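I'd like to ask you about the structure that follows.
Each chain gets a letter, A, B, C and D, in the order it is written, and its residues are counted from 1.
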Amino acid sequence: MRIGILTGGGDCPGLNAVIRAIVRTSENRYGSSVVGFRDGWRGLLEDRKERLRFDDRVDSILARGGTILGTARVNPEILRSGLDRIQQTLDDNGIDVLIPIGGEGTLTAAHWLSESGVPVVGVPKTIDNDIACTDYTFGFNTALAIATEAIDRLHTTAESHQRVMLVEVMGRHAGWIALHSGLAAGAHLTLIPEQPFDVDEVCSMVKRRFQRGDSHFICVVAEGAEPKPDSMTLREGGVDEFGHKRFTGVAQQLGAEIERRIGKEVRTTVLGHVQRGGTPTAYDRVLATRFGINATDAAHTGEHGKMVALRGSEIELVSLGEAVDHLKVVPRNRYDEAAAFFG
Amino acid sequence: MRIGILTGGGDCPGLNAVIRAIVRTSENRYGSSVVGFRDGWRGLLEDRKERLRFDDRVDSILARGGTILGTARVNPEILRSGLDRIQQTLDDNGIDVLIPIGGEGTLTAAHWLSESGVPVVGVPKTIDNDIACTDYTFGFNTALAIATEAIDRLHTTAESHQRVMLVEVMGRHAGWIALHSGLAAGAHLTLIPEQPFDVDEVCSMVKRRFQRGDSHFICVVAEGAEPKPDSMTLREGGVDEFGHKRFTGVAQQLGAEIERRIGKEVRTTVLGHVQRGGTPTAYDRVLATRFGINATDAAHTGEHGKMVALRGSEIELVSLGEAVDHLKVVPRNRYDEAAAFFG
Amino acid sequence: MRIGILTGGGDCPGLNAVIRAIVRTSENRYGSSVVGFRDGWRGLLEDRKERLRFDDRVDSILARGGTILGTARVNPEILRSGLDRIQQTLDDNGIDVLIPIGGEGTLTAAHWLSESGVPVVGVPKTIDNDIACTDYTFGFNTALAIATEAIDRLHTTAESHQRVMLVEVMGRHAGWIALHSGLAAGAHLTLIPEQPFDVDEVCSMVKRRFQRGDSHFICVVAEGAEPKPDSMTLREGGVDEFGHKRFTGVAQQLGAEIERRIGKEVRTTVLGHVQRGGTPTAYDRVLATRFGINATDAAHTGEHGKMVALRGSEIELVSLGEAVDHLKVVPRNRYDEAAAFFG
Amino acid sequence: MRIGILTGGGDCPGLNAVIRAIVRTSENRYGSSVVGFRDGWRGLLEDRKERLRFDDRVDSILARGGTILGTARVNPEILRSGLDRIQQTLDDNGIDVLIPIGGEGTLTAAHWLSESGVPVVGVPKTIDNDIACTDYTFGFNTALAIATEAIDRLHTTAESHQRVMLVEVMGRHAGWIALHSGLAAGAHLTLIPEQPFDVDEVCSMVKRRFQRGDSHFICVVAEGAEPKPDSMTLREGGVDEFGHKRFTGVAQQLGAEIERRIGKEVRTTVLGHVQRGGTPTAYDRVLATRFGINATDAAHTGEHGKMVALRGSEIELVSLGEAVDHLKVVPRNRYDEAAAFFG
């Protein structure tokens, strides 16, 4: 058999571990060959690819961040209108099954392809952990580790200077990184997209803490967090080339507002891209490797139109259609759990 | 209400996070008070304890390894014959519910207490991840991260010197740390207690690898791994004060045997106690904190005789009796998954 | 003898290790006692202090970031006019020798005090490594390690997306962190305050790199880096409450300019406060501890008006006056060394 | 010009950074070419080499442990009798200057070659930091960081179980790693080869600490530490193939002795090879890179028979003969400094 793979969307620690596992499993277990398309769907639109073999190079990428195949974001409209072109490339290269590794956008395109008859097995990838039907996705654990270590560091500075410190972490539509890193690093408040915040309440909480004699206040803010409409006006961030909302620093704006309202020194740190690069954690390498093995198995046993998913400690197959139907956001009870430590 | 807690068995990153979460949740959500017994069950046998409050000290232990309550291993016989004494101490201190945090031994004692009518909620703790009925236990992720980082480091030395390197990791009865760290760090072979190994096969695999021109061979060995009876005789390790088998370095002995048989330079590293100490990973802090919150909830809602457990991304309650009924070992299919990368 | 200590200026990993070493050496070697003034010079202006003993608490701060004494920036004018008040506090508390631990501002005040007859021994502290007469200061190694790890992570993201990435690191007047982290992490360009940059040249370098087929461009920018006057106009950052220039993101502005000029996707990361908080590296703990030991020795042997300094692998004493006479900036030949890797 | 390089002796983090810097500087600054000999001196004895260019591969090794050239220990006798063969290989390959990167053995051979007229510039390499005439060597900082992190982790386990913990670190003839990691991690005792220890005194110190109510005792032991002759008999370790003394675990033996004498639970950890592998710290990458640049400069400017050395923050050239004349051991006053924290 001939397996095609691609990595789409933003890069994510663990992508290379998936690639390595697919190549190894295809060769060793099934005697199949693997073709890697370059720069996400673009490689399929433009027929740019390379033959991947389990040699020293592919063996050595297990712990390496990013993706050796490159990745790119493609406008969904262009993608939709290019599905014929993509099928043509798959045919030209004799690809029996395509394994796209990516987030919501990539998996949606995979679903479209599957609906039109192309054998596809999806591998979910998202730093933000917001893909439905799987307990976790690889990359999230690494982002969480990096964010937590950063917040750990901010604690001692905040304490020494008796400051309010805001730290903005990734999470446009779902607050998983903020929720977990806030819990892990002992934040005094965590703001997530799922629960609009009231600036008055935030300021009261800060004031109460310092009035009690506490030395500092650490607030974790997901980049997609939003104030309640009547509480504060956020400067707009505009839209990007795909019509997606762009974010322009809710933490910076909230920090300035707190400083203005309560006259306390506030410092804001935006973690940014360091959260998504570099060596994956052991957890993410294991999860990515298992996703790769199981996706390859599914490709060979005819379980197409599916996505690999973590359920408990098992890797299962779920329907691609279900997986892209909605985002997995933080439920109210999980936020309440974290809120036990606020203040 | 008055909650009693103790930490039993070997120490484990995350114990302090559980303690902190129990104190916080008891105080804030229920207005309850918490008494910490010192040095595991010994504190209950000898009525040594301290009142715990969510002050600066308890707040600050979230990221600290070990346990501020101390811990000790107690002979199960002594423990069984001391159950009356333990109940007496609980009565004397007006403890309404006891939350023991520990491994198989501690949870078994908790089960005994529960059977005899004491309200108990267990929190599972094991580096080795071998407690049944829960997907993971805290401490395991930290141990995995440490072991993987160590094996990552050994790769470059092994490559530069074209060596065979064996690394012994924790896991007396279950090979989870070995399995996961071997997968995460790209080991060429992983030996676990669940799958007795054949020294001839190990040596053949090593030879084949070097004959193919590969530069090195990394083998991860769980401390409880055992050779097939007719394959090699392991020096006995004797028994400890509780009659438990003591291990004396299967990796060292296997390393010497490989060196003897194939004349290749072998180096062995025994990771030992560094795997269980120090700052817990973010993952373990979140899991430990959630265990603490949910155990406190169960204590207050009358869900006694239960143990908190991770199922998927939810914390659930399972029966203590079921949880201590057997150890969770590595199933054959999980080992086969890893074996795809051997050789 | 009675030793007074304070920590002034921005916090810095290793401050607590100095405090611990002073307390230990004073007690054990000299039978002296130590008084810690709170929040930098403010503690002396307002007579807020605590008696420090080498107990569990002080023993345990070795690896902890920040400063248990707190710190604060004080307006130099206020400080100068408060010297009498400071001397009064020292007299009131029976302080024989004062050991201020701080940066240029703190050491300058220490020099003033020394000139007016107060026995003083200074300990240099600066993340930025810009204090003269000492090879290194503690905190710098930690900041370097954090910045380098962050840049390591950005490499894989930049590669996968074929991007230009700018990363802003600390260094207002001296580019040491940028220089070293750029060398350590394989940056393709490093911009420092000592060498004004030409935006045209930067853009040409970026273009050449991508034309050669390279996958990405990483540029490290010290926060105090400046464009040549005719090359680009930097938005002004204003001044802070002490009349110090405030910086407003040279990296962000340069990034936007590069994107505008060459139409390539640029991403900018500002590392910010994570560089100065958290656990010090082993190197910094050793240096800070040795500074503490040797400052205490100097306090007791009458070597006043001096500052401890690292020279090679020895700790020596240098004149406070000389040390605060000028900042230690990156010399041209060190920048040329790094420039061998640019492009 | 044509530069030859080799890496000899045990591997060490930073070797690849030196190689990369030599290749880059040779090509960019001098238009010279570089030939890398494989597996240390063996590559010169057997004429095995490769042409090195500053391409993607060499650019990417900056942060990678080990050495892409391979390394091997060679019997000094064989080396001495093979000097003619080595010169022949250099001639055959048209090598103008040889830059051997290695420890005492490698630099001694380099000195012999230099004495017989071969243009040589040495680069010192040793985990142990025991090469004379240079403040530090690369690799040491990484080993120190790894050892310190491990000891940090052991603290919490020792505390929780009220144990004595011994940790054996590298250092056969010089105790630098033990000295620095003991200082950095707050050890209660550090034993180094330069200061033979008395087992009675060690046991008394342990007993006093527990009698004072302290919770644990951490002792760092250099692998070459030795008891005073009448204090304890160490099992002999034999000699290796070069007649060098082999060490067999002084920490294990001392631990057993302490347990026997004072009846306290002792645990011993031997860090072993993890200290020398893996990603170098930022400090080591900078030092290694600067060594590489400056060695290349010296090769081209005719400063032969020299070794690059760190003096303060400058790289200088020292005589090879002087550098290999004696090992740099820990002086008494540095040990006394650390001893202020013992007990």
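Basically, a contact is a pair of C-beta atoms (placed from the backbone, for glycine too) under 8 Å apart; a residue touches a chain by one contact, two chains touch by 3 or more.
For clarity, every value in this text was computed on a predicted model and none was experimentally measured.
Please give the intersection of the contact partners of subunit A with those of subunit D.
Shared contacts of subunit A and subunit D: B, C.
I'd like the Å distance between the centres of subunit B and subunit C, where a centre is the mean of that chain's Cα atoms.
About 41 Å, centre to centre.
In whole angstrom, what separates the CA-based centres of subunit A and subunit C?
The separation of the two C-alpha centroids amounts to 34 Å.
Taking the mean of the C-alpha atoms as each chain's centre, how many Å separate subunit A from subunit B?
30
Tell me, which residues of subunit D touch at least two other chains?
149, 152
Could you list each pair of chains that touch one another?
A-B, A-C, B-D, C-D
Contact residues on subunit A for subunit B in the complex?
Touching subunit B from subunit A are residues 21, 24-25, 28-29, 59, 62-63, 135-136, 141, 144-145, 147-149, 152, 180-181, 183-186, 281-283, 285-286, 289-290, 293, 311-313, 337, 340-341.
What residues of subunit A sit close enough to touch subunit C in their complex?
Residues 7, 10-11, 13, 15, 64-67, 70-72, 146, 149-150, 152-162, 165, 215, 267-274, 276-279.
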